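The data blocks that follow each hold one structure.
The two complexes that follow have subunit A in common; it is paired with subunit B in the first and with subunit C in the second.
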Partner chain A sequence: MRAEALSQVGLGRVGHSPQRVGGRTRVTGEQRYVGDIHLADELQVKLVTIPAARARIVAIDAAAAQAVPGVRLVFTPADLPQPVPRFGPQFADRPVLAVGETKYHGEPVAAVAAETVEAAEEAVRLVQVHYEELPALVTIGAALDPAAPLVQDPSSRPGDPLAHTNVLREHRYGWGDLDAQAAELVVDHRYRFPMVTHFAIEPHAFLAAPDGSGIVVWSTIQHPYWLQRMLAKLLGLPLAKVRVIAPDPGGGFGGKQHTKYEPLLAFMALRVGRPVRLVLSLEESFQAARRAAAEVQVRTGVCRDGTLVFQEIAADYLIGAYADIADRVVGKGSYIACGPYRLPAVRIVARAILSHTVPSTAFRGFGTPQVIWAVESNIDEVARRLGLDPLELRLKNVARKGEVFIPGDTPADGDWAESLRKAAEAIGWGTPRAPGRGRGIALGIKLGPTTGLSYATVRLLADGSVIVSAGTSDMGQGARTVFAQIAADELGAPLDWVTVVMGDTAVVPYDQQTSASRSTVLMGSAVLRACRDVQAQLRAMAARLYEIDEAAVEVTRGIVRLPQRELPISVVLSEGLGPLGGELIGTGEARKEPVPGHPLGGTAAFYDFNCTAAEVEVDEDTGDVTILRYVSVSDVGTAINPLQVHAQDAGAAIMGLGHTLMEQYIFDEAGRIRNLGAIDYRIPTSMDLPRAFETLLVENGDGPGPYGAKGISEGALLPVAPAIAAAIRDGTGVAIRELPLTPERVWRALRERDAAETASDVQGVPLAEGFPMAARHGKPSRRRQHGQG
Partner chain B sequence: MGETIQIVVTVNGRRRALDVEPTATLLDLLRDDLGLTGSKACCLVGECGACTVRLNGRIVDSCLVLAAEVDGGEVMTIEGLAPDGRLTALQERFLDHGAVQCGYCTPGQLMAATDLLARIPHPTVAEVEEGLAGNLCRCGCYVQITEAVLAAAEGER
Partner chain C sequence: MHRFVYERPEALADAVELFARHGAAARPLAGGTDLIIGLRDGSARPAVVVDLKRIAELPPTIEEQGSWLRISATVVMSDLLADARIRHEFPALAEAAAAVGSVQIRNRATVAGNICNASPAADTAPPLLVYGAVVVAVSDAGTRRIPLTDFFVRSGVTTLRSDEFVTAIELPRPSAPLGAVHLRRTRRRGHDLASVTLSCAIDRDGVTRLAYGSVGPRPILVVDESGRLADRGASDTVKEAILDRLFSAASPSPRSMRASPEYRLAMLRVLGRRAVRVALVRLDGGVQDG
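Up next, the complex of A and B:
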């Protein structure tokens, strides 16, 4: 199938890597991001915040601010419809401006619109906010304390049995009988994952302008149609009167999925009757979106031959003060907490815990990196305790292709053992390594979308050029290029004769969202079907022109095949359209239907699967970790654009190195973020890369997308932390169960190891009787070789 | 807001006479006064490199330079790299090697890499990584960027 497809390669060259569509404007500086857009007569908006996390707002005095020349509006909650409108993708819990109480550091209490940024900033300084600071909850432990204040008013959660706690929701999954499993060893540990932020280099930006009887909003949003729905509801407008324009975001990573300050801007624009514009600072972006922190308890039961017999997971996610999409993140992420393994019995309990922190939202991996970190680290521990090779243990237990590993869900859709073997081979697993160095390997798996709906139109113009309309957001993942490649190949146009229109709800047909690595599979299929619709019209056209039976005409990949001859599409098109010209319009739709009764509302469209292996060296004196070699292997089905797939995987791995080695929010006792901004919150730079870095692909054409493609781009982030931690463990003997693995944390663990060794020469961990003591704590010189070595 | 300062500055070869606010930065001047939005705003504290431009022959974070300071100076921005529409070898190699994803950091990366190659025509991998360490890329294109810079240095066509 794939060989045939490639033998008929069209000019888009599916399976090859042409230059990124939209790349040229990105290297010349011409690309227009939201923050580059100005509207005639626009006002500049700045947010009014207070230097507190949780505080009771006593009064807001706007008089001095209003007197600043150029200030047109000081907008407070009193200026909004009453009660103040609330919104959110899951629960309508977030007010347009803080009502009565701020619930996290950075929550706006008012906003100013002025003729210039300087005037707006001056006015913000002069808005007098009288407030009374209140104790804030910023940890899981504090939020779960029965005496803790409630983050959300119980009256806003009617009929919710958890309303009088800070648990927003609890999710339970499982199968089999844990107690009936005869485990010969149980490994039980708690793992911690830090609170981190997306840090897209493009901060969020928004414009809103009255538009006749409606409104038009520009946003860095990933989900323009969801924003359109939300604004229509808040403003009482029909969908057709809310136009959302969403230029390609400068990085999204999930942080731009959901509505943030667009409702505020819309209300302000309608109030002043002029366009308003707000560009967040990087610091404000930190206060707009983040990933949930988590504490995950993992109990793994295993037989002495390495067969896993049960897993029990208790995952607590620290979400923010408002739900955003965080409860779905918790529910979906924890659902696959047990990984890609065959397990007779599983019990998972996950809680979304409210706190006085920035609302957590979607972030590459969607709740899965937290649990994969825990479970894969525990699996590594299991292997060490049994004296088995961590690779062999995984190969023994990983689900085989076609095997159901979560009852009621999509069976394993790839040859996952192949990814493991490929990663192991590339890192030289089992071969001797230098003293002081360690190797680790880990898996990652995540569900693709559980529901979805994408429409596309493809217009074949009279000269054979093509316009694709697809509501995906291209925030760097390269969807625009993939869709253009598909259309170019199917319709025989050169790639630079294809235009892909995105990001305007008034122009482009509906797409549910750009998330869960869905766009190649869902929108790609919609584009493919729209091309096939055009091909069908061409068949009818050729049958009419050449007076033959339509069934005798075949249109594939740019060629019209008649019984006696073959013609390029453009020839048939030009004859068929005739002197008036015109175009053929194809439509395509791709659906992933909900499944009633399924705990997530639907099964996985595919799995995002990755195996990562790393070799590290740890500086025993400083705790600094150097990654000498790094291998990431993703099962992608078919790489429609291999260069982009490799870049997405490398990018996901580097982003994963951030939460693994350096990134975390730090709070003071009052709940204020102490490391806002690029100076105090570090993300990986070109100096933080592995010395040798390889991304590899497994391509078996077994995905549900065009030409056998699967979704990619999240998988490669999932196993980063457990692979690096396992390598540190292998090299130094220290198991660290809290991220990030900063030099300080590693150094402390090394010193604890040294102290323990001094105190007692035999410090074993309890093992099932008769098992060899495989991986006792020890200095590098005492390290064992891997099982196969 | 207050008195403005008159300056004359050459931007991408064009002489401009401007009145600037005392607090305005070079980045403000480029983006707001001249509409040259290719230089990007992100951290505004000189850590991310998205606003990198060439000033009087050396690269600077334009968010850290006051507009008033560039009086009499010469500035080149991303818009000046390929003024006749023909991409430079470095721009082409960025596209060939997949060094551009979302593209937001790309102008800064290109300005820094152009400067690097002017100083070190045949850099090592380490020199490229160190030379571009001040330009953050959250898409994580660092490997591809380094490949593109090395390819441009080798005159790959």
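Up next, the complex of A and C:
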């Protein structure tokens, strides 16, 4: 084989979009999710809950349930070690089962294990829970009322000055002197973001089985190693005796990052000495994970020419009854609340406020969508008040590449103005638009991981095929494919000769977590380094075989280059391994070290940046919003797999349209979720997509990941709401500051506008028409049309 | 799921006998798109489920009987959509059937079941009302023909007796073409339960029949015989006043989370105005999207 032919085997995969690894089995239903796994002798578990949010548990009578044929265990808090173990990724505040008081609608008070699901369901119905319903806090206002009951017992927060409030923690960031800034205009508004849920198609599912002196747990978890640590601690077992098997989840979006019912299942399995299995319903998933609601007050100070001089943000996040990872969400999300702008003075105060609701957790964007919605909407307001083009205002203030925009943190790592211009150009910014239509533009920025640790091993087998072991969870984002592409390229194997092993703590080396769009950058780098380790071994092998100096051998992308000739890796490998065969084992590690004293524990590994523009039409009679055109532009560094990048951005945009237009939890007065399930909690369908839908990429190879890649898939969700709201504003003149923008909410805003116009009989703020567009043609970009086109 | 006896009679007489014996403890099963959900979530706990799909006398057919079309109890929404007579003579019914659920749901859900479930939001109720449908019910006391206007009581409750079940819905075929349309309001464009439904049929004499649902405990039929609603020369003010009067029986629940009463009432008026406009265009033979 000549080198040229070889290069076609090895090269060209990174930057192209081969068929997704595991994609076929995922869409044909062959893939085995946790819910598809059955163990011999397993018992089926169902949770016992009560139709109340907050209630004092008086007594649990299990007699009738115990009598149901097939029931093997009715498990109550009394069956757990005392005091009942508590756990959580940030605070060990969540009991394995509710102790004394339920704190949110859906919190389990007991659980049943039976030979069949039917028997378990019947028994659950017969468990008599005597309880006394108590008033529940489900809004920020109610939770902050000085007379409000405390969600968490102050005695569980010793030494905490906020222990006698429902504020779990307060986060303060800032720089510069706000008072010293001479703003010529200050725009001050409050924005509301609803409580929403992840709605992964695969429900959360768990199995636990005793295993000799240890335990094996199957879970839909995104962070298997974190779960392993948590279980080891709760059960008093060494890590090596806790095996977590985490098959590829069917959608995670953050909702599967942290431990939920695995401890309960583990205690039950150890109690009955048999495997136990629990698959949540969609309704139970709603009660297991959600995004924090938020109210964000934004004061933006600006000069007449559009130069931003300060921002002051007060962000209240409504988290749940237990912290889960929510306080970190609040702290990290609000940290970048001022966006990517050059600002002389900033003050940010964010509070994580406890309530009697489902514990909020990580959710695509990690606390940033809430503040981006507020800040970007306020920036739009600033532009309109000054009579400036919202695009130009942003271009004027957005940090240039290499510029520090948060003191002490990573400087701007992309040409963000290029994303803005590209989005504006694609939507036809500044060109005439039909009456009744409006255009909006907004940007979004989020920090990538602030710390991280990923290990990978890459085994080059005797025939040249490759096994990559990587502890990332591929929940649909395509990590398997990206790692396979990297290994295939580096080691010259066809893609279908690469196997990627994931999701088993007994087999695959440690990975900190799958979150913050980190896996391409961190695990991808670990895989790349493991491949380079194998290449180094090949160099040594070639030097030995051909009796030349190791420094004279070069191994790149599947080819061993000797001074006089080039050989495919497979030839060198088979000669070098000799008659016994064997393999080369490479290891790779990628770290993002903590930074002592940094408020988040570390700086941003990269920024996930997106600019979104939309054109909408509003039905003045009904409030219906039709998105005619939608453009999403992400700064991705390098697209290792462009199709997957486009798909992630399209998915993020559609998910963002959910909280923008229709999604929200609705509670009754007692704190029960009224719209539990798919019928009254609406998510966008294919029919709700924009009429024309386009994703574009900016690729300048300026990321810290393999080949210059950055992490992606959260950025495209961030600016959806402010872009759509700005477009509605542009088309109708109404500014709506509360999500979702349901037809009824838009209709009400239109009626209020009409009433105000009638009352004052004067024109409101004139709508800016036909902004001059600063069009500049950038490099040719990757472009993809979605949907109805 | 709770335990029940499943019966699958093959003769109508056997089904009649089962309902005579079990009364309210028996529930008929046709498409199952409401019943199965009820069985699963425990809101329906019948002792006996009587599957109607194998009854020889109830094939899933739409038959002509004189000047009537007889829609058997086992006819599903997709059958309606596939039937040229329904599409041409009862377009508002076809539009309503097309709005029910998703393709999978429409392949299972029956028209009769949609009516018997008596949801105020039932999509096919308003068109069946404006077209003058009659419900055919059977029991061991014989067959009853119940005008649809006398059928609905409130959500989930009809005037069917506990020993009766529906075998067909009959529609009088219009002697002259009508201008008709079905409109609905939902929270999203994809399949959704309606927060307001409205059908309108205008005949050559200018009589306008409007039926609306999801704005009170049951769908309601109202008629403007004055001809002014259908009068192309009448002013908007006049038409608005007539619509206000016709919609005076609407009483949306303040407890609903799908839309506020204020919004539903406003949308009922919007749909009313738009439906009259579309129906008039169609009456003239024009093509107009609903």
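Observations
The rule is short, and it goes like this: the second predicted complex is superposed on the first by the 751 of 789 C-alpha atoms of A that agree within 3 Å, B and C clash if a C-alpha of one lies under 4 Å from a C-alpha of the other, contacts with A are read in each partner's own complex, and residues count from 1 in each chain.
We adopt the following convention: a contact is a pair of C-beta atoms (placed from the backbone, for glycine too) under 8 Å apart; a residue touches a chain by one contact, two chains touch by 3 or more.
All figures in this text were calculated on a predicted structure; none of them were measured in a lab.
In the superposition on chain A, A:Asn675 makes contact with subunit C only, not with subunit B.
Of the two partner chains, subunit B is the only one that A:Leu643 touches; subunit C does not reach it. Between subunit B and subunit C, B contacts the larger number of subunit A residues. By the document's definition of touching, of the two partners only subunit B reaches A:Pro203; subunit C does not.
Look at A:Glu118: by the touch rule set out above, it reaches both subunit B and subunit C. In the superposition on chain A, contact of A:Pro684 is made with both subunit B and subunit C. Within the superposed three-chain model, A:Ile666 lies in touch with subunit C and out of touch with subunit B [touch as defined at top].
When the two complexes are laid over each other on chain A, subunit A has residues 118, 679, 684-687 in contact with both subunit B and subunit C. By the touch rule above, subunit B contacts subunit A in their complex via residues 1, 21, 23, 31, 36-45, 47-48, 50, 77-79, 81-82, 87, 91, 94-98, 100-107, 110, 128-130, 132-146.
Interface residues of subunit A, counted against subunit B in their complex, comprise 17, 19-20, 22-33, 35-36, 116, 118-119, 122, 198-203, 248-253, 279, 281-282, 475-478, 643-644, 646-648, 650-655, 677-679, 683-687, 689, 693.
Listed in rising order, the residues of subunit C touching subunit A in the complex are 1, 42, 185, 187-193, 257-260, 263, 266-267, 270. Only residues 118, 121, 125, 621-622, 661-662, 666, 674-675, 679-680, 682, 684-688, 742-744, 747-748 of subunit A touch subunit C when the two sit together in their complex.
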